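Shared between the two complexes below is chain A, which has chain B as its partner in the first and chain C in the second.
And then the complex of A and B:
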């Protein structure tokens, strides 16, 4: 006669395995995860070739884990346990004070040198183009006082300084750290996302306008509006803790009546607005600005001053570029990650006289695509 | 000459081959493979239970690398025929010996070919300045384990320590048995010979198996994987930026990772074995509470130690030979123990390091230790082991040596820094849990409690509390397994 306690254990074990399986079977497969913002693996095709090469099995494992019932629930349970056991970081994101999520930043490696020299070679090849480099610090530097106890990411100021020292003197280095740091009491970075807010971008624009030699617009030249107050950004997706408050998205609209002609070349889309309202109902709300990532887009404005600027950028530029539309007739925005044609031919063909490189420190330290400029 | 050898050892780029034990702790195994196999096994009549287990094992093995299933089948056929041949030539010892030798050569050749050929080629290239191409074969999972197991069959049959297996299915079941196929324990044939043919599955044994499996799963998923993250963070820091205490914390984290990973896997194997009615011998016995390195090796990966002792050390004469020969035997044993762990010189150094320490202990250090205060003996063991894991973990010996230099303060980055404090604060709870779980503290409390409480409380404890704990470990392990593949797509970093 088996012991009763043993029977209970066996029943618990079998019930657990079975109920998870039943849940897995009855919950239907999802194509896309809003929470993780990516396509999920689907049931792999059953071909002999795949089976013998082991591809089927690895795809199958991806399928099982991606379509695991209540995936988001399990993932958030794990994040909660981490916090209960005093961990202050999950998937590289610190749980900062006052609801700030901050991304760890490590000492940059050779990639940074590569990127600096790529930009230097841009200026060598196009000596007649005025080039600017704007490196925006990330929230982890500006809000370092919000970091958990003893957390000590690499100092981004040292990276910024390093870039400045190694940059060709023909390129204007735009320093925005001081102004951002002085405005840190304002809402200049998202708490749950890796971007700055449009307000943060506004202060950087104030500094840049001095270099560009244009008269910047002041705050009273803009109407501001909160377009969303339930933005859960990328840091939220990584830290994955459900006890975090959402961000809101503020937009600056110029009071002057600027008209736009916006062209997205990779999907042949033309529009007359810088803001795509459809994203405000989705997870990826930051794509509200300039429709997210595109290899190449142009903005033509009714500011008839014949000035043209090219912008090589990461997504920090998306909420920044709208400020420049008040000063340029043509803005050509190139994302080196997706743009594979010759940048130099493009510059020549369109007769562009100015170029702005706008990156945040984290991307600039590790992006492998800037070297396409070489 | 010495300089050449030293440079030679330092410069060899090692091949990344390591027994990786991921498979039991995957969602596919836990929620699909295991329930189906258990179900089929228990509804099958006694006669075909071994066949079910054999097919299950082959599918399990084919999962990672389908082609290598042929290797398993080949291995089974070779061992089966050698067993029959030994039986046939029982009267002619010379012939029988040759057959054992043939089996050992075939098995070791398999191992040598798949695991060590690239290592050998790279060494030849280095020594003779040649440029032979490496084969870059994917390492068949668990090959180090099952070749040792299958060799034990023919040797045991030859030594009459186990009866010959007449059924090819039964022998193939032994060779491929999935619970211990991948990361041990190395089950010698003599220890399961009877169970292969006749074993009884009872619900008591099944429940024991479930508990054991769940404990192993928790050790692997909740402790090893997480403390391993501390190690990989510290390992990720540029070596010249490390401080003394961070280096020590890192290697201690690795010590826990490898122990909980490996022993957790053995627990899962033993637990799975029990569910199917097998009793495998224990593989770990709280090695980190040892008072000497000799004791450590009696508690760590016991199945490997016993294997080497039974099939190599004692046949070489063990310690019943002249002093010189004892040291020769020790050298051989520790050389191959090291090499068995991986096809790279750092593992050989790691093995010989233990050989030297054990030789010193034998030569008198043990006696000296006995008179010391217990905590001091323990510090001695932790110290020696920490250094050993540095050799183990860095394939490149020169990096290992730089890491050791930092541990001993030959750096100018200081004794500790805020990074160290940060890691300590973040991992303190996990470190305390790791320390407690590497001692028999919980086990002792458990038995003490069972002895001392009254019947009613005992029932509550066994029926409810234990079940809830097991459920908790399963539940949280599942959460960690789902998160392990958690892979948010972060709309590019652009």
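And then the complex of A and C:
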């Protein structure tokens, strides 16, 4: 009798071991995981020298992990278990109250100093260009009351204050924290993504317009529309938890009839719209705004006032720039992360009189590419 | 038996001498030549990917820019990561203004003792690429993750590219 039960256990055990392996072999390989928003490792190329150097084995291990049968299911189970055991953070993302995902923020290091001095040197080299710096706080600061217990990210207000104090006085420092904080009951930051919403950008635009000396459009000058209500952003992919509600994307269209000529220079694409509808069916829905990141793009409008502005930015600018198209004839947008040519030659060649630096606190504290201005 | 042993000893001795005497021939290939070979391969890959032949003129790859590390006018944050005293020759092949992570660097150290220092500079460059690309475009980040950095004698190569193995082979073969 005892023998029989042993047999059953042995057979079950072997079946268990085999079935996972068989499943791993028969399930087809995937290239990309929408859930985790990353490429999955593919079967590594096989050469004798790669085996002796150990490269094959380590790549093979990655391949097996990434292509494991029902990977998304296991990943979300892991995250669920961690939630149940009261873990409040995954891959640097806090699980906040009311469905908010918030990114941890550490005290900045010397990179922040270098970035400030790079912008200072920009203004020294181009004294005739009026420069503005707008540093947007991240959701982790505005919604700090939503943070889980004992979470203590570094105070972004301290960073903002530090930047302000060390910035050359020729550069206008645009303070947007107060207005964003006062509007926190509105939908001004995505809950599952690291960006602000177009509504958040709108309030920052109102503040900036005072510095630019233009009269900002009021909310009743826009028609608003929700273009998607199933946006799962970058925080969602990092938190790996399926029990989080999606965001929606709101767009402000000016009622006045502004026409655009938009040029993306890296892929030589020209279009007449600021919004790329095709992304609304994809994972990266934020790229709806200005087609996502580009090294260089220009927007020419039918606002014939001969005003030109250059914008050095991170992706927070993408839903912000549409507001500026109501006030400038030409907008030149440069992303220093990808633009390796001389910025100064560009400014001179296009005879640009104003420059706006628009970054969020997290990027501005750690981006190594602002140094290209030096 | 005795004869066999003496023969064996003679053979061994000869082998030993030959072994000792075999000097590693110092390779001396200009970095520029290696980069040219690499560029030829990239051009071929571009053509295979549908880039028109006429846009690849005079050995210039569309979208790429070449920086000579030792040139006086050379500048940029990447250069600051190197200790220029380590470097005899060096060329950076990078994107001008593209949302692509491709980056190739070939460096010749002044002498072998500098190789480690250059290696750590290249590691910093890799960290920078990790920071930029882990945020955006998973397919470009994949290339960064598959980066190959390799030292061979005084020469070092850094490859972030669609098929880094191809360029690695060119680098290794150029130094044979």
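Definition applied: the second predicted complex is superposed on the first by the 358 of 374 C-alpha atoms of A that agree within 3 Å, B and C clash if a C-alpha of one lies under 4 Å from a C-alpha of the other, contacts with A are read in each partner's own complex, and residues count from 1 in each chain.
Everything below uses one rule, namely that a contact is a pair of C-beta atoms (placed from the backbone, for glycine too) under 8 Å apart; a residue touches a chain by one contact, two chains touch by 3 or more.
Bear in mind the structure is a predicted one, so any value in this text is a computation, not a measurement.
Undergrad: A:278 in the overlay: touching chain B, chain C, both, or neither? Say first, second, both or neither.
TA: So A:278 meets neither chain B nor chain C here.
Undergrad: Counting only touches as set out at the top, which of chain B and chain C does A:255 meet: first, second, both, neither?
TA: It touches nothing on chain B or chain C.
Undergrad: Decide which partner touches more residues of chain A, taking chain B and chain C as the two options.
TA: Residues of chain A touched, chain B against chain C: more for B.
Undergrad: Quick check for you: in the superposed arrangement, does A:243 touch first (chain B), second (chain C), both or neither?
TA: After superposition on chain A, A:243 lies in contact with neither partner.
Undergrad: Kindly classify A:337 by the partners it touches after superposition: chain B alone (first), chain C alone (second), both, or neither?
TA: both
Undergrad: With both complexes overlaid on chain A, does A:17 touch chain B (first), chain C (second), both or neither?
TA: first
Undergrad: Let me test your reading of the model: by the given contact rule, A:350 touches which partner, first (chain B), second (chain C), both or neither?
TA: Once the two structures are laid over each other on A, A:350 reaches no partner at all.
Undergrad: Please indicate which partner A:368 is in contact with in the superposed arrangement: first for chain B, second for chain C, both, or neither.
TA: second
Undergrad: If you stack the two complexes on chain A, which partner ends up touching A:265: first (chain B), second (chain C), both, or neither?
TA: In the superposed model, A:265 contacts chain C only, not chain B.
Undergrad: Which partner does A:293 reach: the first (chain B), the second (chain C), both, or neither?
TA: Both partners, chain B and chain C.
Undergrad: Considering each complex separately, which residues of chain A are in contact with chain B in the first and with chain C in the second?
TA: 37-39, 234, 292-293, 315, 337, 366-367.
Undergrad: Considering the complex alone, what residue numbers of chain A touch chain B?
TA: 2-10, 12-14, 16-18, 20-21, 24, 35-39, 51-54, 57, 60-62, 64-66, 68, 71, 74-75, 77-79, 81, 85-89, 91, 106-107, 148-152, 194, 234, 237-238, 240, 284, 286-287, 292-293, 313-315, 335, 337, 362-363, 366-367
Undergrad: Chain C touches which residues of chain A in the complex?
TA: Touching chain C: residues 32, 37-39, 45, 234, 265-266, 292-296, 315, 337-341, 366-369, 371-372, 374 of chain A.
Undergrad: State the interface residues of chain C toward chain A in the complex, per the touch definition above.
TA: 63, 65, 76-77, 80, 94-99, 128, 131-132, 135-139, 141-142, 165
Undergrad: If you look only at chain B, which of its residues touch chain A in the complex?
TA: Residues 26-28, 30-32, 34-35, 63-67, 202-204, 206-208, 210-211, 214, 236, 238, 241, 417-419, 421-422, 425-430, 459, 462-463, 466-467, 470-471, 474-476, 478-483, 485-494.
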